[in-house]
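One chain, subunit A, appears in both complexes that follow, with subunit B as partner in the first and subunit C in the second.
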Partner chain A sequence: MLWEAIGFYSLAFFLIFFAYKTITAINPIHSALYLVLTMIGLAAVFYDLGAHFIAGVQLIVYAGAVMVLFVMVLMLFDLRAELRAFSRGLFSGMLKIISAGLLAGIFFAGSDSSIAILDTPAAAPSADVSRQLGILLYTKYLYAFEALGVLLLVVAVGVVAVSRIKGGTHARH
Partner chain B sequence: MGADVFEITVNFVKMVAIFLLMVQIVPLLVWVERRGSAYIQNRFGPNRVGPLGLTQLLADAVKFLTKEDFVPGRGYPFIYYAAPIVAMIPAALALNAIPLSSPVHVEAFEMLGQTWGPYVFLAQGYEFGIGVVFVLGVSSLAAYALLLAGYGSNNKYSMYGALRASAQTISYELAMGLSIVGVILLFNTFNFTEMIAQQAGPLVFSLFGHKVEALSFLPNWGIFYQPLGAIILFAAMFAEANRLPFDLPEAEGELVAGYHTEYSGFKFNMFFIGEYGHMFVASLLMVIFYFGGYTLPGVNPETVGKWFADFSPTKASLLTALVLHGVLMAKVVFFLWIFIWVRWTLPRFRYDQLMDLGWRTMLPWALANTILTAIFILIARHPWGS
Partner chain C sequence: MPGIEALMHIGIKHYLFLSAILFSFGMLAVLLRRNVIVMLMGIELMLNAVNLSFIAFAKESGSLSGHIMVFFVMTIAAAEAGVGLALAVAIYKKFHELNIRFFEHLRG
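This part shows the complex of A and B:
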């Protein structure tokens, strides 16, 4: 238990450090790269807590695909106007206060169950875990799952529509 | 890690050995690449230094180590130095999670006045229980090395290379992941060793509860169940490893050398090791998914174990693992040669052709393959929901 606790808390320390650097880094690309490290650390924490399949999916989807797109888009665009818009003004001030409140809430809730999180149920073979996950997704949570699919489809169609209006290689003439 | 000192030591040595296997195969592959390209183009290739030009590699290594260490003045030094190291990590992590042979069973023995209990050593660095998913997840991180290199160099050509690399990797990762879903459905497991075990033996299709044994002279390999998936996976692997015809990120005619324009000496060599490591992992995955892994018709852990029945169980198990490792490596070397062969045969794609191939051809075919496999398995293996 002691070694598990040391492992978990050192992982958690790195995770919080990277997350902190994500929001304090001035350069947007450095910030995104810290977010990548945060995502990889999150996968490690999932693995540490016994959710092996979720850890793998976290690596593939978030660290491997979503964040590559983030970094690529940040490299493509000049973000000075957006940087100014989010560094001062009423709107960003409100955002800062709200996120500070959320962080405080998470902190108090988390400190309540700080070591109990390591009491994971006895580990089942991970193939069975992913099988149970699939069965749950397609029975109990079917409507939520399908609704998410529809939402993503709407987003994809919307992005295509917007990018065709704004011009580009596949624009309508 | 292991229960006692001996097991921990062996497991650690195993990981280091597999990493060194990946690093040491690079000079050999470079030699094969140069001699092979010369053979394909009707030239001689390097043949002056040592027998068959083999010691050319040593000369290259000395050159790499003694070159001037150059850092671009306006770049980001930390990111610039980190990129070549990041390039080696994904391939090394993925390679350690793939079994290179059958497990070695060690009987209890006496050493240093103590009995060391029976062990089972897997022929891989570690077993995470999610096999395929871990390998996919780790190798999807490979794009960061190119992004970091392009960004850290602060050079237009490097940046273009990095942008191309990331767009290409994302596009082909989808087709790659979907073609592997077909394999996972077919074998009904994430575990590489179980996949290989299912491919030992003759080819017997099971249809609606009947066995079709007409083709039982063939081995029970995945290629006969998933031919389309195999082709898509292999093509996507070329794109993931940034090999020709998909080496747009380092297209020398347009971008000087793409993302590694500013790198020289050993840092450049580390990008090279990463690329060849990806080829190695890709060939291993092809062999394990579609070509029977370390088995051949009549050669699987049980039959080979019988060849060495005269030896003590520990020795027999070790020799079996060695023979099967040889079988696996022979197949892997064949696929590595195809990688080199294709590189010196096909010209590079244009960028829009690359994107069209990824999104409009390979992705729909991979999706169709997944859906058809799922429907077919549902009907043929579990007729009407039994």
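This part shows the complex of A and C:
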């Protein structure tokens, strides 16, 4: 139990530190790289929770594909020193931080007071979680899976159409 | 004040607290930063925090539906990142700037 606690708290510290660095780094490239580290830490947390397949997908899709996409797009832009990385206004900034803290507090209090309602686990998932996940994905959730495939096709075509757009805003005809 | 025993026994509550902290950090990134790409990163951080709570609940209830939901959320998040970055590229081509304050000049 002691080692479990040490592992959890070190992972939590890792995650919170890199999430903090993500939102405070002035250079967007640094933000993206800190976010990659956050994603890797989350993959470790997923592995710790027994979701081995999801941990692998997290590493491949997020840390591998989505964040590389972010970094590539950032490299397309001219990265001057950014003068206005943060929103203006000390008072409104404090209000935003307080509102985010209040939201986290609501989550804390809600989960703290309502966690006892949960049913006790009937049976912990056995060792071959990935196998059961595949069976579930292709039987019970088959239609949702196919709909996601169609959605990804539409999004791929739409992204190409949007990025080849001519004119649009402020176009002179 | 929780005892040392409650702190050392890692349960679902600790993972939910971690998820809440990460979600509020993502929300702060969207609220405080003015760069569109960094705001999109904040959205990704929020989606990942929700994924963490899905996985924690899936472990607690012994059901695998949470894993399926996380899989779907990841797919949608990848699609959303693609569309958002394409819009950012389209807007950068026009304004040569990615600050959100230019977006109020959009028309047509």
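Keep this in mind: the second predicted complex is superposed on the first by the 119 of 173 C-alpha atoms of A that agree within 3 Å, B and C clash if a C-alpha of one lies under 4 Å from a C-alpha of the other, contacts with A are read in each partner's own complex, and residues count from 1 in each chain.
Here is the rule we use: contacts are C-beta pairs under 8 Å (C-beta built on N, C-alpha and C of every residue); 3 or more make two chains touch, one makes a residue touch a chain.
Predicted model, so just to flag it, every value in this text is computed and none were measured.
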| item | value |
| --- | --- |
| Subunit B versus subunit C as contact partner of A:A144, first or second or both or neither | second |
| Contacts of A:L152 with subunit B and subunit C, given as first, second, both or neither | second |
| Touching partner for A:G101 - first (subunit B), second (subunit C), both, neither | second |
| Touched partner set for A:L76, first subunit B, second subunit C, both or neither | both |
| Touching partner for A:A65 - first (subunit B), second (subunit C), both, neither | both |
| First (subunit B), second (subunit C), both or neither touched by A:V36 | first |
| Larger contact residue set on subunit A - subunit B or subunit C | C |
| Touched partner set for A:F53, first subunit B, second subunit C, both or neither | both |
| Shared contact residues on subunit A - subunit B and subunit C | 53, 57-58, 65, 69, 76, 125, 169 |
| Residues of subunit B touching subunit A in the complex | 79, 128-130, 133-134, 136-138, 140-141, 143-144, 147-148, 150-151, 159, 162-163, 166-167, 169-170, 173, 177, 189-191, 352 |
| Subunit B-facing residues of subunit A, complex | 29, 33, 36, 40, 43, 47, 52-53, 55-60, 63-65, 68-69, 71-72, 75-76, 125-127, 130, 169 |
| Subunit A - residues contacting subunit C, complex | 1-2, 4-5, 8, 12, 15-16, 19-20, 22-23, 28, 31-32, 35, 38-39, 42, 45-46, 49-51, 53-54, 57-58, 61-62, 65-66, 69-70, 73-74, 76-78, 82, 84-87, 93, 96-97, 99-101, 103-104, 107-108, 111-112, 115, 118-119, 121-125, 129, 132-133, 136-137, 141, 144, 148, 151-152, 155-156, 158-159, 162-163, 165, 168-171 |
| Touch list for subunit C against partner subunit A, complex | 7-10, 12-29, 31-35, 37-38, 40-42, 44-45, 48, 51-52, 55-62, 64-65, 67-68, 70-72, 74-79, 81-83, 85-92, 94, 96, 98-99, 101, 105-108 |
